[in-house]
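These are the structures, in structure tokens.
In the two assemblies presented below, chain A is common to both, partnered first by chain B and then by chain C.
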Partner chain A sequence: MASNGTENVKRRSQLASVVRRFMKNRLSVLGLVILLFLMITSLSADLFFDYNTQCIALNAQETFKLPGTPGHIFGTDQYGRDMFIRIIYGGRISLVVGFVTAGFALFFGTLIGATAGYFGGRIDNVLMRIMDVFLAIPSMLLAICIVAALGGGLGNLLLANGISQVPRYARIVRSSVMGLKNAEFVEASRCYGADHTHIIFRHIIPNAMGSLIVQATLTMASSILSVASLSFLGLGITPPTPEWGSMLSTGKEFMRQYPHLITIPGLAIATSVLSFNLIGDGLRDALDPRLKN
Partner chain B sequence: MTRYILKRLVLMIPIVLGISFIIFTIISVTPGDPVQLIMGADADPVLMEAKREEWGLNDNFLVRYAKYIGGVVTGDLGTSYRTGNSVAGEIAQRLPKTMVIALGGIGLSVLVGVPLGLISAVKQYSFIDYFARVLAMLLTAIPAFWLGLMSLLYFCLKHRWLPATGGESAAGFILPVLVLAASATATQTRTTRSSVLEAIRQDYVKMARAKGVKESRVIFKHVLRNSILPVITIAGMNIGVQMGGTVVIENVFAISGMGNFLVNSVRVKDAPAIVGTLMVVATFIALMNLVVDLIYAVVDPRLKSQFTTTKKRIKRHAQTNT
Partner chain C sequence: MNENKEKLLEIRDLSVTYITDDATLYAVNGLNLDLFRGETLGLVGETGAGKTTTATAVMKLLPERVGKITSGDIKFDDVDITKASEAEMRALRGRRISMIFQDPMTCLNPVLTVGDQIAEVLETHGIHEKEALSKRVDELLNLVGIPSERKKDYPHQFSGGMKQRVGIAIALACEPELILADEPTTALDVTIQAQVLALMKELRDKFNTAMLLITHDLGVVAEVCDSVAIMYAGEIIEYGSVEQIFYNDDHHPYTKGLFGSIPSMSEGQRRLRPIDGLMPDPSIQMPGCPFADRCPNRSDRCVEEKPAVHDMGGGHMVKCHLFDKKEAE
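What follows is the complex of A and B.
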């Protein structure tokens, strides 16, 4: 029991030191604050706004109001819909995209990478050559093809982005599994009769967690960008759903007279991507054992 | 060296075939009928059936794939359902514009990103370092299509300094290349900075300084030479990203390149056009990666050995020993 106690203390202090190092990085904390703000506003949006009456019920007199108009801080669009409310509801989609894509890629990438790295030989060869083929197509083009085949809509977009990200995770996991599968602590566990799943998921994967978490944060940023790009091309989420990329795409027509229709959604995308990137940078430094003081 | 290049070229074949198979499968087995998408839902069923027969859509999809690959081997990429022209011709017509934009973007990102990252690392914590880091951070976060629209708004519509349709004249390539290069420049700057920072702390740099080597020589000979590998790697990885980025850029600036061709083909599930475009793009990327690997060997003498065959190595070894 005593050994158990010390293990707990050690584990907590390690997490605490990572948190401490992350908190020292002011820019990363800023990123975290932005992200929390985005999450809170988009999750609690229903408490403050009523999308049906404030955006869907068209109002001919309220079209093209400039930002700063009383009642519409971000102005209104060509149908008189309030831009602020649409941006907040658009945030929901972007956050879902970020987290689900990263989760999907993390899950399947880990599964494939761990299988390939752990068993090696022919399994490794077959799996990784398939991954190579996927990696040889730029992720944006692959996502376009998958969306084209399956059709637009949020679910298919998530799938398309997720699939195009899987190979990266498979590579990270595979290389760390290959590096550790013959390590002494793994051998020790094997001697105790642990099965493959136990060894992979309890002993090997936790060691790769650092780089996986960093990669996941970056995936969240890049998938938000990619979904916005697809929607902008008209292949993703289509109007009237308030998605930032498709808002930009429809605002494009009126951008000469009413530039706020494209500046505001663009700023929303840039801010959310920036927040994920800042968090990712901070995590990378905080989890890097070489930078430990 | 020649042997190595040939080996790499041969290894490209399975990758490109794999891509064609995966994309062909994705496009073919999913619901959605190209005949209906192109001719409209209320077209004459007899005509539609005739089209289906003409395009071979009634065959099993493996048979279709085999036929398609049979054509590809002889250099025939098939006929686009949408335009009715040969896919190879359509691509050849559009390839140059896309290449100019993509290669221009890569070139610019290296020319700006590497020096900026180098200065930023050498003068760490200076004003220029903060400037470079903030710039890089912003450029990675800003979506290319938004940057494109904003620059279109400012430079073309407001001030009329540059043509709004890209790709028609030389001036029409300026904005597309600049916008495409933006995010690649950011990654290039960041990689160069961190790689140089790592090299600058090494003992051999201290040693070089201690024995009185001029600072410029320390930076260019000792530091840069040793930190260049990740920089080249990122440039190579950016090629793929750029090829994906051209799709959006071509849409923003209304350039009739490969990206626009792909998006239009994708809308009607024009399988030969989609698969053909992606095979060409993948071949281009693979070729560029080969070039990157050859540059590695030029830059890093340690890696040169992998290009010589074992036989030659043994021979050389024997010569040096005698």
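What follows is the complex of A and C.
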């Protein structure tokens, strides 16, 4: 029981107070509900739908059905594919992109930023100047370059997005590490014989985590947007894979006659981005150490 | 009295400077200090006298690239600290030399439970089994008078006095031979101060730990210490047992000034007599006595020539020209 038990209790109690504060913010709770809804529907989609038989109808009469048509809540597109099912399946890519990009940027950004901030001097200079180079290139342009060089596909898209986000995290982590490394509890830890790795991972990073989590939710939102944009430009996920951005792109040809082909994927993008942003706002307040107790 | 005891810490001719872009600050100038096993030495002096710098030098944690030991030796038992490598120092810190900090509010990590923070020191120095760790943490918390159930609480859930108890528990975790206590009671109110001091005394006696108590509170010194070193501008200007410092008549003028600036219970109400002037600028190296500018007994010699250390008998040392003649007699 001993230490494991302690560990669990600790997690729970810390989480409990954050959750309590988060729940007070109704808008963020709404964001969380939307996000959970999106996650559950897109992850469990295979249980309810069979994409190949239910979505794809090789029947010219089924094309361009308007939303509300019996059997097709969101209507169908130019090939007669059910929009509702495509939106749900498209959500998978958006969510994966959001989480993986944020995770990638969080991991490498923290590593680079913490190293630079903690050791300072030449290491700091070299690492941060490299980050500055990346930061100087507009992130969308950088992502386009990487995709253009390495080719499309989900993997490269994630890489492109992740790399363009790393410098932001490195900056945030570096600045908070520079403040924290002079904190008295860090000095105390050195006086009790701790080495640098221990101090960085056990004392400094946990204290810098709050602002990072907030930034991560915002990154999720922006990377959903940028993947949608890349796909819209034909550089990201290519048709026929259902993806919100590419649905928007193919739908634009028919927008005069059938505006639902672009409004529905557009709304899907907007809703998911909004939900991440609302959650981010709520987390920022909930994780603020000044509001502790 | 001290001769038959074993020397634990020996500082010889220690000088520390801080080099910044604008100036070189001479924080400690030729300091000599001995500390024996089980002894508590009070290091007294006003702010900026170099007390904390001395402790930091013993830990070898002077700020990198800025603080430097320019001369002298620090010997801890069989270890030569001035020559020890970083790895050797890490094995020493927390294990054989530990530290209690001034401000318990800031020296604990706000995102870790106090139990984890105590366990951390133990883990660093070789206890890894969860059972043993948790048992030792309970033991330590009980030792400092905190119920062991509270190990799952975070620092912000404790009062200042309780946090300082946690700090003491962390310092004592590995039963060190030497504790450096840097103004451990300054941030606490008077009643809590008394409790914490009593606790420190009790634990020191229990483990026979030597302690270097840094303070500017002479009351604390009288309460806890065996011997006292008065520090001024990076030098020890007077050293002696508590009895010698508090009851002997011959003192360094600065020590007299210090006692003159605290209220007395016995002598009725009169105005306190603060020492005029300020500490000398640490960026200037003085040829003479650093206290000369403020000294009521100053002579021309004081400004020009460093005073020698005079033994006033029984190990009571005073560094002042005033006593040149007395010793000769």
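We take it that the second predicted complex is superposed on the first by the 272 of 293 C-alpha atoms of A that agree within 3 Å, B and C clash if a C-alpha of one lies under 4 Å from a C-alpha of the other, contacts with A are read in each partner's own complex, and residues count from 1 in each chain.
Criterion: a residue touches a chain if its C-beta (ideal position, glycine included) is under 8 Å from a C-beta of that chain, and two chains touch if they have at least 3 such contacts.
Quick caveat, the model's predicted, so the values are computed rather than measured.
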**Message:** Is A:240 touching anything from chain B or chain C once the two structures are fitted on A? First, second, both or neither.
**Reply:** neither
**Request:** Check the residue A:269 against both partner chains and state whether it touches chain B (first), chain C (second), both, or neither.
**Result:** first
**Request:** Once the structures are superposed on A, label A:155 by its partner contacts, choosing first (chain B), second (chain C), both or neither.
**Result:** neither
**Message:** With both complexes superposed on chain A, which partner does A:68 reach: first (chain B), second (chain C), both or neither?
**Reply:** neither
**Prompt:** After superposition on the shared chain, which partner residues are touched by A:189: those of chain B (first), chain C (second), both, or neither?
**Reply:** second
**First (chain B), second (chain C), both or neither touched by A:198** = second
**Request:** Identify the partner contact of A:179: answer first if only chain B is touched, second if only chain C is, both if each is, neither if none is.
**Result:** neither
**Prompt:** In the superposed arrangement, which partner chain does A:206 touch: chain B (first), chain C (second), both, or neither?
**Reply:** second
**Asked** On chain A, which partner touches more residues: chain B or chain C?
**Response** B
**Request:** Please write out, lowest number first, the residues of chain A touched by both chain B and chain C across the two complexes.
**Result:** none
**Item:** Residues of chain B defined as touching chain A within the complex
**Value:** 14-16, 18-19, 22-23, 26-27, 30, 32, 137-138, 140-146, 149-150, 153, 157, 240-241, 243-245, 247-248, 251, 262-263, 266-267, 269, 274, 278, 281-282, 285-286
**Asked** Across the complex, what residues on chain A touch chain C?
**Response** 2-4, 6, 9-10, 13-14, 183-185, 187-195, 198, 202-203, 206-207, 209, 289, 292-293
**Request:** Would you tell me which residues of chain A are touching chain B in their complex?
**Result:** 129-130, 132-134, 136-141, 144-151, 221, 225, 228-229, 232-233, 235, 245, 248, 252, 255-256, 259, 262-263, 265-266, 269-271, 273-274, 277-278
**Asked** Which residues of chain C touch chain A in the complex?
**Response** 59, 61, 90-95, 98-99, 101, 103, 106-113, 115-116, 119-121, 124-125, 130-131, 133-134, 151-152, 154, 156, 167, 170-171, 173
